[in-house]
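Chain nomenclature is as follows: A, B and C, assigned in order of appearance, with residue numbering initiated at 1 for each chain independently.
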Amino acid sequence: MTSMSFKGMDIISISDLTKDQIEEILNLANKMIPYAKGEKTTKALEGRILANLFFEPSTRTRLSFESAMIRLGGSNIGITDHQNSSVAKGETLADTIRTVECYADAIVLRHPKEGAARLAAKFSEKPVINCGDGPGQHPTQTLVDLFTMKQEQGSMKDKNVVLVGDLKYGRTVHSLVEALALFGANLTFVAPDILQIPKESVKLLEKAGISINLERNLENVIADADVLYVTRIQKERFPDQSEYEKVAGSYKVDNTVLREAKKNLTIMHPLPRVDEIAPEVDYTENAKYFKQTFNAVPVRMAILSLIIGGQV
Amino acid sequence: MTSMSFKGMDIISISDLTKDQIEEILNLANKMIPYAKGEKTTKALEGRILANLFFEPSTRTRLSFESAMIRLGGSNIGITDHQNSSVAKGETLADTIRTVECYADAIVLRHPKEGAARLAAKFSEKPVINCGDGPGQHPTQTLVDLFTMKQEQGSMKDKNVVLVGDLKYGRTVHSLVEALALFGANLTFVAPDILQIPKESVKLLEKAGISINLERNLENVIADADVLYVTRIQKERFPDQSEYEKVAGSYKVDNTVLREAKKNLTIMHPLPRVDEIAPEVDYTENAKYFKQTFNAVPVRMAILSLIIGGQV
Amino acid sequence: MTSMSFKGMDIISISDLTKDQIEEILNLANKMIPYAKGEKTTKALEGRILANLFFEPSTRTRLSFESAMIRLGGSNIGITDHQNSSVAKGETLADTIRTVECYADAIVLRHPKEGAARLAAKFSEKPVINCGDGPGQHPTQTLVDLFTMKQEQGSMKDKNVVLVGDLKYGRTVHSLVEALALFGANLTFVAPDILQIPKESVKLLEKAGISINLERNLENVIADADVLYVTRIQKERFPDQSEYEKVAGSYKVDNTVLREAKKNLTIMHPLPRVDEIAPEVDYTENAKYFKQTFNAVPVRMAILSLIIGGQV
């Protein structure tokens, strides 16, 4: 396994990557940190162009990819408003992709329809990175999350990862769980019944020999957690608003909930948050969600340099 | 004729360029291909800034200019949403242009009003490139089209170019026809009566000694065509939708239509297409519209380096 | 006072800067002119990233900052449409800022709410530049204005600066007046009563020993003016439109009004203008508003290089 194997590769789903490939990306990401901070500069991707196609809004994914490309010496072009693009004139995604690949060395795509990224990769000769296709995958976010966990906890083998919030629709959760299974973590899913992790996911994880635990209350499991991964619960998921009001509070992380927690608990959130984590938690040693936000840059730098082919 | 003559020059209409100047641009574009592909890098326009002002949406023109500028080592700034700009505060185009030229080395302008680019050039000391002013000219698209034809067919002298679709309102057609006349091509116009090429254009072409042919059916002329240039027919042009349904099919290019075609027929389209060209045609050797899309980069690189003044 | 004192500094209000600091910025801006024009190039901020966050539209502030960053060898990322950002998902400004600072070396912020920039600076470890927070400050515009006045008039000590238009709500006026007081100019405020400079400002200026003059008619004071600083009067400020019609004309600057003016009068406007200055004035030697527009680049280059820390 050398980095040559990545050149030109599409990153569509976390399951396209072997454990070895994931580890190679994370190792390289670690080397990228001083470049991501601007402490060192590189011209690895000088003259290279990343096309950022966002057919759905995404501030942090877009800005972190743009930042990653610039920190590597490269440049960005993009679409952030699909209503101002030729898509509005009725163009197919296949045509848009075959057009944009003429102007760039790699394509980042967020699209509302599941399967869009796979289709784009089929039509593009340039590598395509899936940044969310509807309810589907967002593999680079998973790599950022995994990188942060390993940075804070070392090996994830037998570590207790508690995932809390919307585990049914939350896009980041499904890819992450798949990766965590690969690295041998124990998984606890805390959610109200209607937002609990889908049964098929549970079956797959059990088949893979992963220790699984389903819970309704965070209080019951917080003491044993090594990592607490919080996601947003969207009001709109509840048919009845009063139902939402009833559960929302039980999934809020504040200093009271954390009294029982391990000293070195790592608290993460893919952000943006609304009120799932109280601001008081920001000032604890456990809050790692802004570090996780920063980690998007070195991890995406690693991916871009591997698939476009620049040596840092 | 040396390239010095281009420095600071506005590109407003294809008729502003002599045949010699067009050939100089196309020759330079040919040299730009490896740079446009990212196989070679240059810093010809390092530190230089292109201002892309799009007061009407245009994904591919904007992205290809941005790509061209970056491949030359330069950078871009721009407006893509006129509703978010000072234009919305009632500023005149003359003031906007005199402002933006303070921040850039050249200006690319798309504007809904005919004559806007000429006005902008009058007020700007920096070179202005017209990328479409309402029903008016889009000269760099014409150069891209001409470059592609010559690349595929060699000399255009006495070559049969068949233009099909909306020849009345289609912006790209009028400039292209002017250029093709200069290079001695024979022209066939295939369109329903209400979208046929305007009579004044026909008169001008005949006066210039160009062989002209007006047709209603593609089948009648496909066998002799060296180049088939397809444009989109917009439903909105027809007062009666049933009228549209009646004609639309006769101008659709598919493999059945192409059975009678020459082996080395070049099929082009300025894109985006809706259904004027069937997807099955994409897999033929004749389909050159994505190559044409790519050619936007080297041709625009040639123009930018000539008018801003960087040596590659 | 060395430039080291600026590194990492926030620029929130003009009153945060000492007279010495303002002079250091303006001196450095003067050295930046050939770089701003593209006559010289520098890589002072190579690999560095400026995040431009515009939660309100602002073409010229945004484009001039982007241009300044590029002329210094750096790059830009940004948000121009807050409706397409995570702010739309309910994120707090504190979270947005702590996210964006992970991707950049400095942050430029325009926000509709007064105090937003100060809040952002509190949460950001990277320097924050306030580019307008509602009715509040826009300190870099003030520095651009001051730079232009000193460029045209030399020392501002005892120079007569006439400010005309909307002196009550006009954001640029309040910061500018503060700076002019520091440099010893005499100030005349010409406005209809309902748009006249607020009484608290007058008191503060008088306390500082500044010569103040309030006027209703431009004609009364034009003859003695060294600088005429014109701002837009917005119709919407008047409860009664007929009231607007009555006064609007009296504050319009045209060649007739200027007949009484000094030969070397400097006419300025922060732009965009609607009809406060007649186009005929553009052709006079006194019109310096487009020079003022250009000056945004060298002044912002000076600020960026000082607070990010690159040596030109």
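In this section, contacts are C-beta pairs under 8 Å (C-beta built on N, C-alpha and C of every residue); 3 or more make two chains touch, one makes a residue touch a chain.
Please read all numbers here as calculations on a predicted model, not as lab measurements.
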(request) Name, by label, each chain that touches both members of the pair subunit A and subunit C. (result) B
(message) What's the rotation angle, in degrees and to the nearest 5, for a C-alpha fit of subunit B onto subunit C?
(response) 120
(message) Interface check for copies subunit A and subunit B. Shared numbers divided by all numbers used: above half gives same, below half gives different; which is it?
(response) different
(request) Round to the nearest whole Å and give the separation of the Cα centres of subunit A and subunit B. (result) 40
(message) Could you pull out the residues of subunit C that touch at least 2 other chains?
(response) 75, 81
(message) Per the contact definition, I'd like the list of subunit B residues that touch subunit A in the complex.
(response) 38, 41-42, 57-60, 63-64, 66-67, 70-71, 73, 75-76, 80-81, 271-274, 279, 290, 293-294, 296-297
(request) Spell out the residues on subunit B that touch subunit C in their complex, using ranges where they run on. (result) 46-49, 51, 75, 77, 79, 81, 84-91, 94-96, 98-100, 102-105
